[in-house]
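What follows is a single structure, written as structure tokens, with notes after it.
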Amino acid sequence: MLKVDGLNQYYGGSHILRGLGFQAKLGEVTVVLGRNGVGKTTLLKSLMGVVPIKTGGIQLDSQDITKDTPYERVRKGVGYVPQGREIFGRLTVEENLRMGLAYKKAGTAIPPELFELFPVLKQMINRRGGDLSGGQQQQLAIARALAAGPKLLILDEPTEGIQPSIIKDIGRVIRMLADRKTMAIVLVEQFYDFAAELADQYLVMERGEIIARGRGEDMEANGVRDLMSI
Amino acid sequence: ADTIKVGILHSLSGTMAISETVLKDVALMTIDEINAKGGVLGKKLEPVVVDPASNWPLFAEKAKQLIDQDKVAVVFGCWTSVSRKSVLPVFEEKNSLLFYPVQYEGEELSKNVFYTGAAPNQQAIPAVEYLMSKDGGGAKRFVLLGTDYVYPRTTNKILRAFLHSKGVADTDIMEEYTPFGHSDYQGIIAKIKKFAGEGKKTAVISTINGDSNVPFYKELGNQGLKATDVPVVAFSVGEEELRGVDTKPLVGHLAAWNYFMSIKNPTNTAFIKEWSDYAKAKGIPGHKDKPLTNDPMEATYIGIHMWAQAVAKAKSTDTDKVIAAMAGQTFKAPGGFTSTMDKENHHLHKPVFIGEVKADGQFNVVWKTPGPVVADPWSDYIPENKGKKNVPEKK
Amino acid sequence: MTPELQEAGAAQLAAAQARLQEASSGGRDAAFGRVLHGAQPDFAHGVALYLDEITVSFDGFKALNALSLAINVGELRCIIGPNGAGKTTMMDVITGKTRPDHGTASFGSNIDLLRLRENDIAQIGIGRKFQKPTVYEQLSVFENLELALKADRRVRASIFSRLTGTQLDRIAEILQLIHLLPEAQRTAGLLSHGQKQWLEIGMLLMQDPKLLLLDEPVAGMTDEETERTAELFLSLEGQHSLVVVEHDMKFVGELTQGWKKVTVLHEGSVLAEGTLADVQSNEKVVEVYLGR
Amino acid sequence: MIRFLAGLGLVLFAALPAHALTTEQAKAISSGDTDARVAALNDAVARADTGLPKLVSALLDDAVKLTPAQVLIVDGEKVTDAATGAIATLPEDAEDVVNNNRMRGALQAAQAGLKLLSPDVALRREAVTELAKDTLDPSQLPLIDKALAAETDASLKDRLGLMRAALQIASPDKAQRLAAAQSLGESGMSQVKSLLQARLADGGETDAEVRGVLLSSVDKVSARLAWGERLGVVFTGISLGSILLLVALGLAITYGLMGVINMAHGELMMIGAYATYLVQNLFKAYLPGLFDWYILLAVPASFLAAALVGAVLERLVIRWLYGRPLETLLATWGISLVLMQGVRGLFGAQNVPVENPSWMSGGVAAMSNLTLPYNRLAIIVFAFAVLGGVALLIAKTRLGLFVRGVTQNRRMAACMGVNTARIDTYAFSLGAGIAGLAGCALSQVGNVGPDLGQSYIVDSFMVVVLGGVGQLAGTVYAALGLGVLNKLLEGWAGAVLAKIMVLVFIVVFIQKRPQGIFAMKGRSAEA
Amino acid sequence: MSEMTTLKLPPPKRGLLLGKAGWTGLMLALIVVTVLAPLLNLVVPEGSVFHLSDYAVALIGKIMCYAICALAMDLIWGYTGILSLGHGLFFALGGYAMGMYLMRQIGHDGNYKSDLPDFMVFLDWKALPWAWAWSDSFIFQMICVVAVPGVLALIFGFFAFRSRIKGVYFSIITQAMTFAAMLLFFRNETGFGGNNGFTDFKRILGIPIAQPSTRMVLFVLTGLVLIGFWVMARYLVNSKFGRVLQAIRDAETRVMFTGYDPLAYKLAIWTLSAMMCGVAGALYVPQVGIINPGEMSAASSIEIAVWAAVGGRATLIGPIVGAFFVNGAKSAFTQIFPEFWLYFLGALFIAVTLFLPNGLVGLVAQLRERASTSAKLKQSRAAEQGADPATEIAQEARA
């Protein structure tokens, strides 16, 4: 589904991603772990095309999307939940969700199941996104990415700031989405337990490189938890 | 050097570009004309054009530049009185020459300046006399409407004194000023209407300068104030200013100048033709399609010619010698008279014309002086001028 | 604040708690509300922060609904609650960012927070870490910390101030603590999300406030860092009062060490209070917050 | 107007034998000393000579030429002899007939006099209107009576009745004076007020009872006039407000939404105005018959011209500067210099003439002292139409949603599948196009020249900011509020002081509302 | 945590006012202004190529005044993030204060030989209005040069900053203030010469103003003031005060929650900046010979910002470079291409923003950085060659 090869990325003079490569399969959750500042967010941004990569290739469904702009990638089925929520502060909740449907045909309805998943959004449908609490915004960001039903869903620390019950719901949703086998999911997460529970595949990053990888069920056994400490 | 440099100091950008750009062009045309006849003292004239950009301090700086850096023999330039006042110290300090081609308020007489536009008594006063005459409508009440700066203020001060001398009471005079660039005349015209509605025949004397004239006249037309009801006589509205206005509703409003394009005589025909050809040849925007001439253009044209004649007479471009030679110079002007430079007061003797706006933006001359009028830069209507001599003081 | 005062404060803790019960059960304490500009908070009664009947509404929506809360001197209090419960809004009220419609808020027993401006509130010793990390993006990490350093905040002093050796050491110490020593001269805006979180905590420590308000301090940290953060906060407890808002129950568990009080906010007021175990077993809390 | 009534009187009573106008007469009317010309004209009017109406209106149209032998009326290609009406040729040396204001006044009076006899009620109405303009002369009372008797139109009858009252006010008969004073109280004309006041002045009315009625009538008229004035202020205020609204609307998009401090906004307006000018010229040249409707094409043309320039600017310059508003200030400042000088180079530094279509010149006399100019009315309607369009587009359409989304967070919008580059271009072009529309409207009231934009740029920023950046509703309130406030103060303190007070008001107002009238509240405002 | 205290951090490289290059530059600037320029203008004969013409002296003198404004603008805009569109007003007020004194110095040498300035004569005024009370006192007017802009800025700033007016809202009200002042000064009744302003000055401190030596003194004085202000600004921005300002620019709420009172800091720098402009205006007027309300137009204030931006914001030398560059270009262009200069100037602004986001001064840094970046890149690439299989794959794929 998603194939990443030899990704190199720089900010000014510093080398942030150093020849990363991995694959994410349909119906699988690929969890990316790593300490602060190792380049996880940068990796996801490169996948989205919001930061340029120096070398390397990204393929989606064996289609090369390395040179595509972000919106072209979205059209090809990529959905993104960024770190730090980045909802449209001055748009209402509903409008935020409609933005999520941007590349769909005009008049496409917001899938009602989103509101089942995140009832608070229904309740606050006319409130401005920026007025929501942090966790509410995070829920909105996830819902927005799901609205268009992507083939590849990229999530950057989606549990940050969310109350435990909803984290559980989100976990269930991610699992459910993966199990439908219509979507590949790449999840960056610091919350180990959450990550471990969902991972079909894991990648551990360190200074822009993948230093460990394996199947989700082996995480504990492979001592991934220790890799995350200093 | 084998050329004589002359400076041209007119705004080519900013708010005054609307009026001044064409003076730069007419100056260049006149210089071409003189050069075609062999130049002056056997040398060609070399124009140095600068753009002071409607910025008064920049006028002073550019004047310095022309005199100091380019060593020009003379400068033709300025439009507003402010810009003239700003460069005046420069010309006096460097003892250089400025030819100023625009009607102005008087109250100034510098040895280093030749004023080829009208002084108040060569424009404003005859116009008001005309309004008070039977043909002019026999006006009894007056609105003095102007842009708030020295020229309108001073002119109106003179006019008020003049009206007093004609027995017009202060209650029959309304004085209003608007800032440069004022564009909303709804309120003021309503006020004028009210003032005019109070009985006696009313006339408006407009010293509005620059861009504001267009919205003023448009509003005048829209509010239905016709020339037969309340005539407006303007001192700063000529053919060029009316270019931007739909003149049909304005027919009959008046302007006073020393020249109109519509004046018929061979000199003027030749002048207009020369200008049209030049404008077409140089592709001067606006004028290449619809050439227009106006009073300051004529004054510029006269000024440059007279200067050339004076240089020829003095056989030198030295400032003091040229000043001496300027006295009594004559030139057959497009206005149809022979203009004479006064022997003493640095102003031209000029005829006065009063024209009414026609539907095509030209003026019908409805009144004129029998001959040229001698300028009175220190108006007798200003008490402080008592005893002033019409001669520049030597510095 | 001197250790002596600390002890005095701790000694009065019990008495204060008793009084608090009274306060929350009705009557208003009349001692609050005097503005003493630049004054030191009076902690003699053992209460560091006292909120009473605070109500904040936005276009009719009550983000805080008659919220009352007291934090003792030297106490570390965890506050949890569903998204949108009003936790951040509460901090906004304490730090002067949001003015409540009703209620009182005081620092110590003598300072009415509602009458002070944000910078005055910070000056008397309330520091805050925002939910969304905010640092001076264009300044270096070092300069970020330098500005937070406890010192005279007035204009004149700032013009002539020089860093002393001890101050430099203190900055270095904090840099080490927050793992940003190698990044000391980097522009703060270029840090990763988690690094900014750390930097903001570092700035708070530099400020050395009496009361620290921490809004989701470990969001985006690895488990190991979370543990270290917990240790750090525990080491501050006693000398400082801390209010920590978090959704990470493990972290809350570490902080409360099984016996400290946890407050659960819901719909703008206190839903439950007690040890973590207590609240975790509270049906209502499970329903609205923890989930099954 | 006395001379007018003289003409009228002659028409009504002096039944001199009418005959065809002679060449001599035509010549006498068309040339020579003004006194003599007026006399000749009145003489001809008195006899109601055939052929005269045509000559009079031709004279008023400046369409009469003079040769030593003939007086010729020129109507386009067609030249006729004024006396005989025969087709003639126009010799080279034919001179224009020049009329000064006095002559023109006499001609208008003659025309009105001829019209009052006309069976056409519209012509009679014109004549009455003309008649009502000036103070009347008591000796003409019988004439009014006569016209009144013959009049069938009710409204004209009323107006003539008022005139009769104006004349009877000085009648020796007290009852008549009383009745006149009474009925004049129903008038709303400033002339009537001065007439009444004149009667009250020394040497006028002496009878106490009549004086009382006069006084109350003066009050009534004054009250009515005051209303006219008040409404006038409100109208001019709304008119100014609608202009401010138009000039600010485009900026509300480019600046309010997109965050581009667009110093070239004024120049985009200028482009719209020049586009209007060009369309007008095209109509003049190719469709002179449809000239009155050129504005219908000028509106879309000015929109497109400015939008096109906007699109080019966005693609070449603005696009690289998003998120750096202060840089946009610098670059667009440069752009505005270039655009201005470019227009100077193309069209010259002078203003260019833009004529109102005839249906937009003049105005409706809502009250005797309140004329509502058509062009201003048209602009008010236009401004609100544009406002409605923009509001709908921004709030209700997908494009509007995308524009708002993109301008708030460009990167995230791209990550939602929005082609941000295209939306940016659309949005900026839209703002530019609306500036163009504003330019088109401004061309109908003010100057069209290279500096057009400069005079509005400060105002437009004030309006947008005062309203609250990004708040369309705020823009509307700010524009209309400032317009009306300005005019209210102007009546009291004069234009300049009023403007100064408005500016001071803005400064003070922002202290109270640091984010404009429609400040966004809460957290979303900080984002 | 005890082992951490042993850790030493290299103190940041400041404290010293200037580096070595800085001191050399400063000395050089001082010599040029105080020695070289007077020599070239007064001693070197006019024919010589080294002669500095009066025109050039006046031009450079004027630009130095502008540079002071740009420097002042940089303090408030570049460092504190507050874009003022009112600096033209402060400049003009300083200029008017000086102009009033110079008008009084004309004495009876005006057109009307009156005690009053000429414009009051044509307004029919018989006595000096109150605002002119001590205008013949040099000392008093010089106090006004800083006090009038300073007090106005203080009052205006106090209310505006207290109400937390920020960003464009602040810019716009400064513009409204300036615009209102311009309209006020345009009115003749206001008593400051209306549209004409003040001109035709004759003397300063009794010495003829047009005299070459007087001009040179003014020139040198302007240069010294500029250099002095630069040194002061340099000290300020390097102090903690300066960093608080920058922090306010980046995150004002954070500054507040750290306990600093932004009001006091903003007010201090804002007032200082206004007073600097006042001084610039006062130096400008005798050199240029005219002051009028045009200086208060919106465009003038924006231009000050433009100079700072073109040169490079938040670098003290940038605004000075910018002022010289833009005004030099303007002077040259209006002469060389009188009809096209606006195209050049406009294109210049566009080009600077597009290609030099950090201004002219930033260009130097930009080039330097690019050099070092590419060096670093090369280095790290070289190090990775072979070591990094992914890179190899990518390279193969490309080949």
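A, B, C, D and E label the chains in the order they appear, each numbered from 1.
As a convention for this text, contacts are C-beta pairs under 8 Å (C-beta built on N, C-alpha and C of every residue); 3 or more make two chains touch, one makes a residue touch a chain.
Small disclaimer: the values here were computed from a predicted structure and weren't measured.
A comparison of the C-E and B-D interfaces places the larger number of contacting C-beta pairs at B-D. Chain closest to the overall centre, judged by the mean of its C-alpha atoms against the mean of all protein C-alpha atoms: E. Mean C-alpha positions place chain B and chain C at a centre distance of 75 Å. Per-chain CA centroids place chain B at a distance of 29 Å from chain D.
Separating the centre of chain B from that of chain E, both taken as means of CA atoms, is a distance of 38 Å. The mean-CA centres of chain A and chain C are about 31 angstrom from one another, to the nearest whole unit. Within chain A, contacts with two or more other chains are made by residues 131. The set of chain B residues touching two or more other chains comprises 12-13, 148, 177, 179. Counting partner chains per residue, chain E has residues 183, 186-187, 253, 339, 342 touching two or more of them.
The touching residues of chain E, counted against chain C in their complex, run 1, 4-5, 7-9, 11-12, 15, 236, 239-241, 243-244, 246-247, 249-251, 253-262, 264-265, 268. The touching residues of chain C, when paired with chain E in their complex, are 95, 97, 117-123, 127-128, 134-140, 142-143, 146-148, 153-155, 158-163, 168-169, 171-173, 175-177, 181, 184-185, 203, 207. Those residues of chain D that touch chain A in the complex are listed here as 398, 401-402, 404-405, 408-409, 411-420, 470, 520, 522-527. Contact residues on chain B toward chain E in their complex (touch as defined above): 12-13, 49-53, 55-58, 60-62, 64-65, 67-69, 81-82, 85-86, 88-90, 93, 107-108, 148-150, 153-154, 157, 177, 179-180, 382, 384. Considering their complex, residues 261, 263, 317, 320-321, 324, 326-331, 333-338, 340-342, 345, 454, 457-458, 461-462, 465-466, 469, 496-497, 499-500, 503-504, 506-507, 510-512, 514-516, 526 of chain D touch chain E.
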